[in-house]
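In what comes next, chain A is part of two complexes: it sits with chain B in the first one and with chain C in the second one.
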Partner chain A sequence: MQLNQLVQNKTWRIIFLHLPSMYSLIKIELYKIFKQKRSYIGFAALIVIILLSHIAMIWEGQEMHDFITQNLSDAFIMQGNLVNGYLITYLVLNFLWVYVPLLIVLVTGDLISGEAQAGTFRIILTKPVSRAKIITAKYIAAMFYTFVFMVIFAVLSLGLGLWIFGKGDLMVIFGSVNIFSESDVLWRFVLAFTYGFISMCTVAALSLLLSSLSGNSLSPILSTMAIIIVFTFISSLNLGVLGTLNPYLFTSYLDTWQSLFSYDIRLWDILIDALILFIHSLVFYGLTIFIFRKKDILS
Partner chain B sequence: MLKQPVVEITGLSKKLKSIQAVDGLNMCVYENDIYGFLGPNGSGKSTTIRMMTSLLSSDSGSLNIFGKPLNKNRNQILGKIGAFIEKPDFYEYLTAYKNLELLCKYSGQPAIPGKINKILESVGLLDRAHSKVKSFSKGMKQRLGIGQALLNDPDLLILDEPTSGLDPAGVKDIRDLISSLNREMGKTIILSSHQLQDIEMIANRMCIISKGKQVVEGYVEDLLMQQSYFTIFEVDQVYKSIEVLEKSKLRIKLIEKDESQIKVVCKKGIIPEINKILVNNRIAVKSIGTKQNLEDYFLTLT
Partner chain C sequence: MKLQYIKYLLLLFHLMWVQCQNNVFAQESNPDSLILRLKQKLELIKDYKADIEIHLDVDFIKMPDKNAKMFFKQPDKIRFISDEFIMLPKRGIGISIRKILKDDYLAVYSGLEIINDKQYTVIKIIPEGSKSDIVLSTLWVDAEKALINKVENTTRNNGSYLINLKYSDPELELPTEIKISFRVVNLKIPLKFIGKNSTVDKDELKVKGAKEGTVSIKLSYFDINKGIDDSFFEEGNNPDE
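Let's look at the complex of A and B:
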């Protein structure tokens, strides 16, 4: 298709028309995020937790491994380096999964309400820029922040783990005792972190939605965490009427990454779960735009 | 030649929670006006200005700017407006220059260093261009707020309390700046202010609102000419004077009193009658003075 034909097409015309301004708005949002000291609190906390986890594993790793495998030693012959970088990363991943949403929401939950509280919307929204574009730029910037966070999480936990503890087979207990050969592990972590990114995007999207409803910085952060805790509690109960709610709660799909560490991986099911999370993110995004376009700026 | 209306507001209403903040407001601002927008606290001034800048939606009525309805031509109209709403809140962790650069980009304009520096110079902040806003005084933020309103070289400037918090020299600077923007660059300016002196000294037209409704609108000079006189009677018995004037059923309005004088608003022709009543009641009238300014006019209407 020729360029001028593309430009004549309505959809492409809208894209060509809005792309430069969207790019500029996204750059502004990212600049604002990374210029604030508070944005680095999450990174700092993540790095400290991962470092501490690795230091703890240097001292206690073998003892912990012996404790876990003592009941299995009758049935299995344990050989090689089982306390390795992969195991440490898997343990860190399981341990940190509870805290990662909080660390991300600390920044994303403040992106809209922070401006309302600071009064800066009073200046920005008198400029000729659509409210939907501002929200879209904030969403994309929040996703980028989440991506950077997950990359640091992955690189630091995996890289440091492999550097300190070396490679080896991965033994995990997920339903049963699963042992994966060294060459069969790395791709599982890549997919697990990718899935983690998608699920954290949903959490970030929820925090942005709640941020659009709030006039202060703290409420959206606390309410996002409260929703995650309540929904996760309902999901884990899985009893009676509450159990029927599970398919409709996005928290039911946050830990699907764990199934990547089983022998019988159902990639299609994992994809469906990721798609459900993505749809949740889209719904949260749509609702945020709907609310923000009608919002009266009173601050 | 007839001036073109720049802002036309008809029957504008807005309810905030249970309070009718603006109630069927009408007003019209013509090109090249410095339009004073007056009203006591809670009269609906800020709500009206926020509706003019699309920060608030209206419940009913029409709001046309540059001949077009704001709600259907938002971005096009905002591109020709510079606004300063209440207090200036910037990104405190960024410098003055960076704040203006970001706001340029929000407006979809290139952030040209020469233009930004020129604006900083015009509001007297060029030497602090690269200082973080958190280190600025209220007056400096106020000046930066006016600077950001000029970024897009607007045809219409909407300034809400621009001199609030400034020292006398700062107030004079801002008044001079507003006057020169109007006189030399032909910009239409809507100026909402509690400083009635601001309006009296620089506005040519004005509107007074109370409880969300227009009380009066017109040329400042004409309105001052029509007003009742604000008269001060210096007397030896203040309370007795009040008593006898209240009994007299004259068409006067008592505004204020202190130990030695009473201030009333009345038509010029009644002043001798008031004097006669006071003297007949054995009250010594030491002096009679009349004043005519906007503050007095404002007090009589609101």
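Let's look at the complex of A and C:
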């Protein structure tokens, strides 16, 4: 297809005409994110927690392993290095999963409300750029920040774990005692972190939605965390009427990555859970545009 | 005259057959000679090294097949070396029949049993003294070849376990496959420690009291009676102790 033919096509024309400005908007949003000191607090906290976890595991790893396997070792001869980089990464993933949303929301929750608080929207909106484009650029920038965060999380926890503790088979208790061969582990972590990225995008999208409703930086951060804590609490209670709410709470799908560490992986179920989270993100995005379009910029 | 000769001949054959049967019965009902042959055969194997393939089948443990090297030295020294993580039941790995036959015991002939169209002599061995954890050991022995086909050990505190042995190499009088059926009693795993949604049914484990499993070990021997230093086993496992 020739270039002029492409330009004749309506869809492509929209893309050609809008892409440069969209690209510039995303660049501006990313510049704003990475210029803020606050953005690096999340990274710093993540790095410190991962470092501390690994240092603690140098002393406590064997003891922890013995505690987990003490009953098994009465009945079985167990030989081999189970306290390895993969186990440490799996433990760090479990321990950190509660805190990762908070660290991401610290930045994404401020993307819209921060501008409202600073009064910069009045200047931005004088430019010939639609409000939907501004929100889209902020969403893409937030997703990029989440992606960078998850890449650092994955590379640092796995890299450091493998460097300090070496490779080995992974033992996980998930429905049964599952032992995975060294060669069968890495792809599970790659998929787990990919799923983690999708779930954290939903958290970021929620924080952006709440950010569009707020006029200060702190409220969306706190309210996003409050929603996650309350929903997770309801999910974990799983009692009576509250239990029936579970399928409707997005928090019920955040930890599906754990099922990648079982022998009978139901890939279809995992994909559906990821799709549900993606739909949540789209709904939050749509609502944010809807709210922001109707919003009076008074500050 | 010719008919008379045939009659005598038939009578002679009959007497010979009866005598032969009596001899066989006397030999089989007295297990000592068979056990002596067994011991002599077991004594021939001083040590060995083998590549092993482990297949563990327990419903609460999921583990792929593993490969390791197994080192054995008389009477009961065993060591496993593997790059992978391996898990084997403690009971039964030591083929502790060598140890039982080394100490004082009482052997009782328990008849003949046909397994897979083959006749085996069943001998019950009761170790004397209170040292051994095994209180009764039942052996299914191929009397012709003096090879143990099956062992059932009843322990003092940990129930019983069954060991099936296969000899697929006719030139080798060592098992090429060992299948151990065992029970795990009162298993408790800290479920909340790893994995948020771990759902091992602790109640089910408690109700049944025990879980049964099997481990199959395929052995390919690469060094027999070449000598292994005792110090090699110092860091290794000695599972039946």
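Observations on the model:
Everything below uses one rule, namely that the second predicted complex is superposed on the first by the 298 of 299 C-alpha atoms of A that agree within 3 Å, B and C clash if a C-alpha of one lies under 4 Å from a C-alpha of the other, contacts with A are read in each partner's own complex, and residues count from 1 in each chain.
Just so we're on the same page, a residue touches a chain if its C-beta (ideal position, glycine included) is under 8 Å from a C-beta of that chain, and two chains touch if they have at least 3 such contacts.
As the structure is a computational prediction, the values presented were derived from the model and not from experiment.
Aligning the shared chain A places chain B and chain C next to each other free of steric conflict. Looking at the shared chain after the overlay, A:N94 reaches chain C, while chain B stays out of its contact range. When the two structures are aligned on the shared chain, A:N246 is found in touch with neither chain B nor chain C.
After overlaying the two complexes on the shared chain, residue contacts for A:G175 are found with chain C alone; chain B is out of touch. Note on chain A: of its two partners chain C and chain B, the one contacting more of its residues is C.
Looking at the shared chain after the overlay, A:I297 reaches chain B, while chain C stays out of its contact range. Judged by the touch definition given at the top, the superposed model places A:T194 against neither chain B nor chain C. Shared-chain residue A:Y263: touches chain C; no touch with chain B. In the superposition on chain A, A:D255 makes contact with chain C only, while chain B stays out of contact range. Remark: least CA distance from chain B to chain C after fitting both complexes onto chain A is 42 Å.
The intersection of chain A residues touching chain B with those touching chain C, taken from the two complexes, is empty.
For chain C in complex with chain A, the touching residues are 59-64, 68, 80, 82-91, 93, 182, 184-185, 187-191, 193-200, 237, 239.
On the side of chain B, the complex with chain A involves touching residues 16, 50, 53-57, 74-76, 78-79, 81, 83, 85-94, 102-103, 105-108, 145, 148, 152.
Residue ranges on chain A touching chain C, taken from their complex, read 67-68, 71-72, 74-82, 90-91, 94, 168-169, 171-182, 184, 255, 258, 261, 263. Looking at the complex, you find that chain A touches chain B at residues 21, 24-25, 27-28, 31-32, 35-37, 118-130, 294, 296-298.
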